[in-house]
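In what follows, subunit A forms one complex with subunit B and a second complex with subunit C.
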Partner chain A sequence: MAQVAREELPHDLMIWVLIVSEMLVFGAGLWAFLAVRITDPPGFAEAATHLHPVSAGIGTILLVTSGLFAAIGAQRNSARWLLLAALGGLAFLWLKSHEWSSLIAAQISTETHPFFTFYYLLTGFHAAHVVAGIVILAIVALRRRSAEISAGVAFWHLVDLVWVAVFPVIYLMGAA
Partner chain B sequence: MKYQTQKIALAYFLTAMALFAVQVTLGLIMGWIYVDGNFLTEILPFNVARMLHTNSLIVWLLLGFFGAAYYLIPEESEREIHSPTLAYIQLAIFVIGTLGVVLTYFFNLFEGNFLLGREGREFLEQPKWVKAGIVVAALIFLFNISMTVLKGRKTAITNIMLLGLWGLALLFLFAFVNPSNLALDKQYWWYVVHLWVEGTWELVMAGILGFLMLKLTGVDREIVEKWMYVIAALALFSGILGTGHHYYWIGTPGYWQWIGSIFSSLEVIPFFAMMAFAFVMVWKGRRDHPNKAALLWSLGCAVLAFFGAGVWGFLHTLHGVNFYTHGTQITAAHGHLAFFGAYVALNLAIISYAMPQLRGRDPYNQVLNMASFWLMSGGMLFMTFTLTFAGTVQTHLQRVNGEYFMDVQDQLWIFYVMRFGSGVAVVLGALLFIYAIVAPRREVIKPGPVVEQAAE
Partner chain C sequence: MKELITAWLILVGASAATTALAVIGPETIWLAPVLLGLAFVKSRVILAAYLELRQAPRILSGVTLAVALWFVIAITLGVIG
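Let's look at the complex of A and B:
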């Protein structure tokens, strides 16, 4: 039975090992954030006011749209759509760098408040994955091998999915 | 033994076993110093005994890995080792370096000398000339092994072994990075200490265990390889940033507390995977290999590594817990079972597998060897439990109640007495193991009659 199930698994086994591992890491980070938040709800709410949920919301739209492009690229085996998806990732990074530089200009660092320790860690780790995803999308787009494209796009969807979890917890909970 | 050059492993394994005997004997002496603090203070101060105990452990484990590589790479690559002469030169460098280390630690003749003096960093106390010798020997080894693999068949086992051994050698270069800032010193120090045992060594472990499973259970290579790649990926994914669990209290930024806690919690997974791997292979395997001792050590390795490295590591890896427990006997409990389970048992497994073939003594049940497994492992588990209890009491008295270190040590005396007893069992087990692989010429025990009975 187990053998049959493994053969039915789409994509390479290793990409699933990676996806599950990443979800464990980001999941643990978000749960830890929520747990520490209980110790100081007003402090966390105050800290969150320094963020810009609207700009992060635009980033979310960019990333999810780019996920759609990647899916189309995988379906049609099209380098153009895959590179368009990578471009969405670049736009997301551009927004993110603006967000960080304005916070750093306001002298807010990882040590300012536990909120910002988690904020920088989670958004920083995520941005590192966006960078990796862009590189991967570019490589699989150029090589045009369908097994590699589907694995690369699966990774890009993971990057999307993680952001969709990070966005409400970090940006919206404080604003609510 | 299919290839002549596999014989190189014999010299490595025997040297490793000699150092193993030295290592556990020093452990026993230190166990007694914990009971009677003035024991041998003039002749063998505690810090010197500790350096010898830990250094000899590392060196013999490395010699075991090298021996394992010289044994299994010819079989995997399907060709002889590139240069046996270089392999023996490499061993000679290690032996000379080890002697140099022992003399330097004992007599400390060149204190402060750049090249010859003892260096004060825990586990990396070797004088610089020895460190340089280790690098030269490692380069010889990598050249020799890589040439063999490059010219021969490439398998998942050789790939993962090479990745682990290259990483191990390259990371050792950080032993030369020694900034005067203590926080930075420690930061680089862990690049060697942590990224060895929780990174590259795990790859070597996966490689050797994969080879043993392939030979002992007869499971298809394809299945073994799939498991090995998953284990290697999980080990590196969790282990590299798991270094963060050493960066909690050394002056590194606070975010390391979360990186360390999260990633090192995941370090349990590759050890669990290795245990699952070993058992699934044995269940699936159809081969009834006569070398039961090697199988016992392989399964024992996977189980004890999971508990020692995985469970006992997780026990104190979250920074909220570690705030209270770091540097107590909890660490000692974890260190002993983790090293024994993961790397000592691994080496003894490959030695148990290879020795009968290297000495031309197949078939061979190795009943004495199996007895030594239970004696040594039982002793080590008991030691782990006593140290865990000692550490729990110590954490409460010292870290919660704020009592003085030495006052607390007095109250832990009974645990140290019990630990000494378990140490005696471990030493006897180790000596029995060495006797079992070196001395008996022939040892086949006929199985008793099997009575067929209907299950009730």
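Let's look at the complex of A and C:
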């Protein structure tokens, strides 16, 4: 019987279970957003004008750059690169907090329109993952154990992976 | 390292193109598929290069297929809306 070569997963299996679970949660949330949008395209388009796509685009570039730093940090087992990646996450959160505060100042809440219910839910849940990722990156940078760095950095890439879907769906397609 | 830098350049380029298209691009029915198509490219790059699935090509193919299906449904919902 011919033997099929078994492929080894990079990173720990449990981190992949987490990555797939999170992708399913965010994926379902974004599908729900798009499905509800069908019921009120003009309302969603109007609501999306309150967001700043260019700022969100800059945030995306910050996150993918931070992902590069994290990947280099994992390759070199370097605390400096991992902390730089965490700094990129902090810069992303700063942009996000600025966006939320301007919306709150305009008295836009989760109750304003279904668009904002999904917006706060999905961007808030993503931001919670960014906060967790920053803490994890800081911890693995200090401990410098390669297995922990590998898992921590994989979690950080999950944050990137989810955002590249959240960004166009919430910020750009609402207005499109 | 070269692969990571290439991946990063693709990600930055695709993110900039996505933003530019949405802000100054023409409002056509093709906008949603193009924006989500670029997001799919970015997801594939993150899976292959950042998450290192290029080391396991068959697993990468399977995950890419699942992600592609997600994007097909998202594009369909986007076009209907």
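To be clear about the criterion, the second predicted complex is superposed on the first by the 168 of 176 C-alpha atoms of A that agree within 3 Å, B and C clash if a C-alpha of one lies under 4 Å from a C-alpha of the other, contacts with A are read in each partner's own complex, and residues count from 1 in each chain.
To be clear about the criterion, a contact is a pair of C-beta atoms (placed from the backbone, for glycine too) under 8 Å apart; a residue touches a chain by one contact, two chains touch by 3 or more.
Owing to the predicted nature of the structure, the values given are computational and were not obtained by experimental measurement.
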{"item": "Which of subunit B and subunit C A:S21 touches, first, second, both or neither", "value": "first"}
{"item": "Partner chain(s) touched by A:F115 [first = subunit B, second = subunit C, both, neither]", "value": "neither"}
{"item": "Which superposed partner A:G29 touches (first subunit B, second subunit C, both, neither)", "value": "first"}
{"item": "Partner chain in contact with A:F155 - subunit B first, subunit C second, else both or neither", "value": "neither"}
{"item": "Subunit B versus subunit C as contact partner of A:P41, first or second or both or neither", "value": "second"}
{"item": "Partner chain(s) touched by A:L13 [first = subunit B, second = subunit C, both, neither]", "value": "first"}
{"item": "Which partner, subunit B or subunit C, touches more subunit A residues", "value": "C"}
{"item": "On subunit A, the residue positions that both subunit B and subunit C contact, one per complex", "value": "none"}
{"item": "Subunit C-touching residues of subunit A, taken from the complex the two chains share", "value": "7-11, 19, 27, 30-31, 34-35, 37-38, 41, 44, 53-54, 56-57, 60-61, 64-65, 67-68, 70-72, 75, 154, 157, 160-161, 164-165, 167-169, 171-173, 175-176"}
{"item": "Subunit B-facing residues of subunit A, complex", "value": "13-14, 17-18, 21, 24-25, 28-29, 32, 110-111, 117-118, 120-121"}
{"item": "Residues of subunit B that touch subunit A when the two form their complex", "value": "226, 229-230, 233-234, 237-238, 253-255, 258-259, 261-263, 265-266"}
{"item": "Of subunit C, residues touching subunit A in the complex", "value": "1, 4-5, 7-8, 11-12, 15-16, 18-19, 22-23, 27, 31-32, 35-36, 38-39, 42-43, 46-47, 49-53, 55-59, 70, 73-74, 77-78, 80-81"}
